[in-house]
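Okay, so subunit A shows up in both of these, paired with subunit B first and subunit C after.
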Partner chain A sequence: MTEPEPRHDSAAPGTFGMRLRGLIRKEFLQIFRDPSSIAIAFLMPVVLLLLFGYGVSLDSESIPVALVVEQPSADTTSFTAAFHKSRYFVPTSYATTRAAETDMMAGKVNAIVVLRQDFAQRLYRPDSAPIQLIVNGVDANTARIISGYVEGVWGTWLEHVALARGESLATPVQIEQRVWFNSELRSRNFLVPGLIAIIMTLIGALLTAMVMAREWERGTMEALMVTPVTMSEVILGKLIPYFILGMGGLALSVAMALWLFNVPLRGSSWMLFGASALFMLTSLGMGLFISTLGKSQFVAGQIAIITTFLPAFLLSGFIFDIGSMPAVVQTITHVVAARYYVAILQTVFLAGNVWSVILPNLLGLGVLTLIFLGLTYRKSRKRLE
Partner chain B sequence: MWRRILALTIKEFLTLLKDKRSRMVIIVPPLIQLMVFGYAATFDLKHVPFAVFNEDRGTVSRDLVAAFHGSPSFEQVARLTQDREIAPMVNSQQALMVIRIGPRFSAEVLSGNPAPVQIIVDGRNSNTAQLVANYAQQIVKQFNTGWIASHGGSTPPALIETRAWFNPNLESRWFFIPGIVGLLTLVVTMLVTALSVAREREQGTFDQLLVTPMRPGEILLGKALPSFVIGMAEATVIILVAVFWFQVPLLGSLLTLYTGIVLFLLSAIGLGLMISSLAVTQQQGLLGAFFFLVPAIILSGFATPIANMPPLVQDLTLLNPMRYFLVVLRGVFLEGTPFHLLIHPFAAMAAIGVIALTIAAWLFRHRMY
Partner chain C sequence: MPTGAAGSSTSPHSPVGQGSDIALAVDQLSKSFHANGRVVQALDKVSFSVRHGRVTGLIGPDSAGKTTLMRLAAGLLVPDSGSITVLGKNAATESLAVQGSIGYMPQRFGLYEDLTVQENLDLYADLQGVAVARRADRYRELLQMAGLEPFTRRLAGQLSGGMKQKLGLACSLVRQPALLLLDEPTVGVDPLSRRELWAIVNRLVRNEHTTVVLSTAYLDEAERCDEVFLLHDGRLLDQGDPKVLRDRMQGRTFAVTTESLSKRSLQAHVSQAPGVVDALIQGEHVRLVMAEATTPRLDALLPGIENARITAVPPRYEDNFIALLKSQPQPDGAPAVKPALSRVLSSARTAQGEAIIKVDQLERRFGSFRAVKNVSFAVSRGEVFGLLGANGAGKTTTFRMLCGLLPASGGSLKVAGVDLRHAPAAARARIGYMSQKFSLYGHISVIENLRFFSSAYGLSRKRAEQRMQWAMAEFALAELADAASGDLSLGYKQRLALACALMHEPDILFLDEPTSGVDPLARREFWQRINTLAEQGVTIMVTTHFMEEAEYCDRLAIMVAGEILTTGTPTAIKREARTEAVSDPSMEDAFIGLIEAQTRADNQTVPSP
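Right after this comes the complex of A and B.
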């Protein structure tokens, strides 16, 4: 793939290897002159992983909840005691519903549980006593989680009441839940591999987004073109140094995931690094393409800002389930390289080497790499004429 | 003085909008992304693929499976006949959930004993896994209530009646779209500011600007005004799409909303210009933009609640203007929060903006090479 055109080569002084080595050396010199590339490769993963690995969590605990008991009795006490025992809630008692509502408006509590005056009386009547639950629905996901937890507390309390009365609780069907690959549902176990995918997207694209544009902008690309160097050598000369930097950053991120965040690695490490190497190529290819498309560093930088982070964050399946998106949006996610890499990482880290998941995703990455590098090659050659 | 500022403002507009590529990047992608992200960002699961391994021949198990078929959240993709088919099904992600029903299921239910049903969930994405498990629990709960109602049995002594304020159907899109308004406004501001000073420094034109009679404050205004106008225009379009296309209710007043937007733009432009003046090359400017943009978004409460973060990180988010802007956006859109309850986030954004702009103006003269 990297062979220069033979006709060109016969006239060119020096060998392919020599010319490439020269280009790579020049690129490394530039990297060391402006340390921002090194910062991108090594500082960025450390800072972002530390910040997000510790900072981001979807596990809600200690939810502030208001309890309003209009007429205290033994039954209401046993119910509120169940809330105090739960590790998910920090309950506060309120005298009136109105006071609790004011605090919910102000964001001090996320939910209100109201036991009305007639709670104790209606408790053993056939129509059942109502327990009123008001949740703040703005964050619909948290609201759902809260109402699930309240139901859990309610279930525990029901068992307790039934036991005290010497009855058994009538639930025809009982769920036995098994969560595979992440039995404690530790959100860090899936967030950290996802974060690695996002960080690698940024590193890959940021490293190369400026480099082609810089050569065009400063006129050094034209200078390169009058030398015997071919376009594929220029592209390779850009890819190889940044590939080495990027893989260094990746190794650092994986080490942090394994030993700092204790994410299990159930697949093999060669699979992890093989897939990562391919993804790094895709990501660098995307950066080179942006760089060639922008022609000036300013525009290339703008394209990089808008096309890398948000798509990788929102369309990769890192947070939002791709299967639940509308069909058109699902189709669009296929051009987001991070989508394939997130699937591979989550599988290799948590499930193992599952070829039926990994192979199609590797294929997706391969196709995208070819497209990005191919387009970069074509766009760059056109300018020669 | 104003003529000088106006001249610089016009020049800045020209550099941003004269180049066809730059003009395209500022206008088209944010609008496309608004549409795509608006549909993508949801925690409401649809068509979750599941498989059934039912060893029971009775009618009760069939009714239970039918209850899952009846939900728009689930879609059956396979019927398994052997235990060893479960693992490949889940491993290959063909099914996110497997329902396994034992051979004595119907008999147990009919004889009044609690009958177990096993739900196996793929935990690779633990958030989706938790949502799937919650949905399954809801369906089984409804099934139980229906069974008790039709077959007799003791009803539980107390029942929960749930009401959700501000978002009665708990549509997560209502939560995310105001957030996306914030995200895109921030990204557009960064597009316009992060490279503007860095480019002039790299090309040497910033030195020329500094030897003109313009004071740093005037240069600052000239640089900030175009970003402000572009930011306001794009924010307005994005809000129109949110309200009229995505039908997210806008309950609060426009005055409150725009106060929030103006102050947020002030702080975001300030930080953007500050990053840009710190950078000597555009490469550094781009790096700086990402070092700010990524944490600002992930630690804003956009997707994961700030309340779940450890205390130290929660304190860190106090420096993040995006955090305050999201409070304003969600409050004004969904809760109709009045102006006076948002004084605190307004003040915080104003403070961040003034401090960042001052630092940027100071850096203009003091960071020279």
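Right after this comes the complex of A and C.
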């Protein structure tokens, strides 16, 4: 052969930086051109925060309550007056228990307080129950709050009576209630931090799983794989842009929490952002892992919602207290990354840098991050099967 | 990396695999897939080798194993047994090294549709590690070659099918590869773009000494390769220079014409005659492939028919392919193909001549995009009318409007005398529709599909029972009655879909790309059925992008970019395209001629931006 051999190039070594930069730039171009990514990262936080900040309140105020006084006396009048003064109750007087029950059935009142005929006698007997409380227990949470409030009203009233008569109270223990951390009992103060966990889950897990699946669906993954790119580069090329996007969403949510909803931030902001960065990694790890299982956008989206978004909503302690869940469910919450993050968020926002709470939760997040990113790395092979 | 031995210690500088003459060697290669509890043997002990600096074609219908082979060569799959060596490296164990020296274009071109042309090139240049200093020159070369210079800032998603294909090709070439793998690069693009792609491929081989391996289901493309490997059901059937393979058929191909029979009955007659391997309608005559190289005697071919003429015609590569396939034993013991439907309809519809479909100034807009514009044509009863065009030409949109599935934005359309814009339901009862993907319910069985379609068309129980028995018998589906329709082979899916569309004995049958992907034998069988239907008075409307299938139609309309460029019989359309340079144009030549004329007209009327 005399003809000069034409030059056919092989990929040059050491172009890791070039390949990664190319992938990251591509991802950002796609993010900015695809309105749905922007919507999930920036519009969804605003909508969720406005909805939960203004629309949803777990505070119980102005609870309709039926008062049944079987034999009015000076004592009963003064006790019912205490209900009228309370901002938690809107009392209505009923002549009979039966009538009150009917209204409770109809959902017009949430609780019935019955003062028996012998209210006055029982009042001064040490081991007796002078009032009867019937609570609509359909919504267990509200029921518990109502019974707590009624006890509070009862206790305060007893104190007043005792003071007025100059007697010592028959109750052996004095309860003086003081609420810490969220002294105004504003549900917004713990909902908004919890919501940040939901938002980060959406960006990290749902969005990432979907965009990864999109590459499979559109056949671009196949083309990517036949370049000298390694799977670590493909994974990093998704991790880095969506990490940045997620932290952007976080900054937006924190800003809204602090300046729109006046949620206090008692811990340090570096702690907030540090823990959030770790959670973002866990969330991205879950998203990427899901995308190794479901390679169509529909399936990936379904898996992401069921395994990350719903648990973050229901099992993280964001709305429902983990301590009051059945033991089995409590055990399950340990694999829900949002659980650790919600605990950290609520502590950092409302209590401060309480290391005894934050450290174990950081540890939990760290372990889950390693598990999910490790699994992703193991499962991601440069193969189509 | 978990890919193991492929490792990071790869990417050598030296040109790979130049020590030997072999670019790609396949040895006893087997690969199977598991799907729904079944094992599909995609490749079965295939061995061959591809030489450097040539264009090699992997030829075969869908599910022949072409894509699997391409993916194995690219290191995307690991073989079950056997080996595949690419440029001297084992594709399974040294996949990263292989990927660093080949170019690969997957079936859907692998483009990011929300990135511009330039951004796609940049991405692939980054991934392929092309030095920044050399990019400008390479980009200029590739863009010029692909004719994409004016469109660098356009989003890839807004390019036409042909432009996407060329951009995909450019992306796979940013780093001048020694070996280029193209997986069905010409599927769904118009003939002009196909021809352009071939020009690019030939230039690559000539100027850059690139070795090109491409897969295709179009048999006419085989003749453009230096060497072909013929795959069927995962096995290598044949290999060699396509011209040599074609010349094996020398003296065995003839054209028959007669005035005393319609071309469809002529075809039906001769295909039954002894010694005939293949009989196809081509324009006004029927093209024969004989088992032996002797001129057939007309009285044996067409007993009792006067004034028939027979002439020898040159063979094509496809003739060899068909002869080879017909000599193969039927796979998986499928029952022998019935030559034609004995009786499709309980009552033959004989009244011919009246226009049963009338379309006038039809238009469909999607937002500001006019998918179909100024489309007018009429189809008579019993006619086979074809809509020919590339993907995105508006064929399917037109079809959906004719079936009442999509409201028209403008114009009028009457089907079976009913105005579809006012009473679509009434018209729908008289039409059968078979969609591109054979809309069957994959998880339910053959018989359940038939039952479902009978009830969907409102057949009485007794009638449905009769029609189901008819379908089972006519389409040889009885043995498969309880098989899930998703597990059927493509050819059987096609039969079942046709049976479903015929359950209510429609006057008009709409077939949207009915044969895409099925193998040439199944395609022939399908057309035999269609011809029988037409003979019985059923009107057939069919879309296709196979130029050769256009020849089977009585009349056809060629659509490009939502408009009909011409309407007429295949012979007339070809005659129109006759030029000094091309004295006997093929349907593809005619199509390309029309597109080019159209483009010239556009350039004259619309000032370029």
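Remarks
To be clear about the criterion, the second predicted complex is superposed on the first by the 306 of 385 C-alpha atoms of A that agree within 3 Å, B and C clash if a C-alpha of one lies under 4 Å from a C-alpha of the other, contacts with A are read in each partner's own complex, and residues count from 1 in each chain.
One rule holds for everything that comes next: a residue touches a chain if its C-beta (ideal position, glycine included) is under 8 Å from a C-beta of that chain, and two chains touch if they have at least 3 such contacts.
On a predicted model such as this, the values are computed, not experimentally measured, just so you know.
With both structures placed on the common chain, the touch criterion links A:S380 to subunit C but leaves subunit B unconnected.
By the document's definition of touching, of the two partners only subunit B reaches A:A143; subunit C does not.
Of the two partner chains placed by the overlay, only subunit B lies in contact with A:Q297; subunit C stays clear of it.
Touch criterion not met for A:E159: it reaches neither subunit B nor subunit C. Of the two partner chains placed by the overlay, subunit B and subunit C both lie in contact with A:D34.
In the superposed model, A:I306 lies in contact with subunit B only, and not with subunit C. Once the two structures are superposed, subunit B and subunit C can be ranked by residues of subunit A touched, with B on top.
Of the two partner chains placed by superposition, only subunit C is touched by A:V229; subunit B is not.
In the superposed pair of complexes, A:L23 makes contact with subunit C only, with no contact to subunit B. On subunit A, the patch touched by subunit B and the patch touched by subunit C overlap at residues 34.
Of all residues in subunit B, those touching subunit A in their complex are 19, 21-22, 25-26, 29-30, 33, 36-37, 39-49, 64, 88, 90-93, 96, 109, 112, 114-131, 133-134, 136-137, 140-141, 143-144, 147-148, 153-168, 170-172, 174-175, 183, 187, 190-191, 194-195, 199, 202, 281-287, 289-291, 293-295, 297-299, 303-305, 307-310, 313, 316, 330, 334-335, 341.
Remark: subunit A residues 34, 36-37, 39-40, 44, 47-48, 51-52, 54-63, 79, 104-106, 119, 123-124, 126, 128-145, 147-148, 150-151, 154, 158, 161, 167, 169-183, 185-187, 189-190, 198, 202, 206, 209-210, 214, 293-299, 301-307, 309-311, 313-315, 317, 319-321, 323-326, 328-329, 332-333, 343, 346-347, 350-352, 354, 356-357 touch subunit B in the complex. Interface of subunit C with subunit A (complex): residues 1-3, 6, 8, 10-16, 18, 33, 71, 74-78, 95-97, 99-102, 104-115, 119, 122-131, 155, 168, 171-172, 175-178, 208-210.
Here subunit A touches subunit C in the complex through residues 5-13, 15, 18-19, 21-23, 25-26, 29-30, 33-34, 218-220, 222-232, 377-378, 380-385, going by the rule given at the top.
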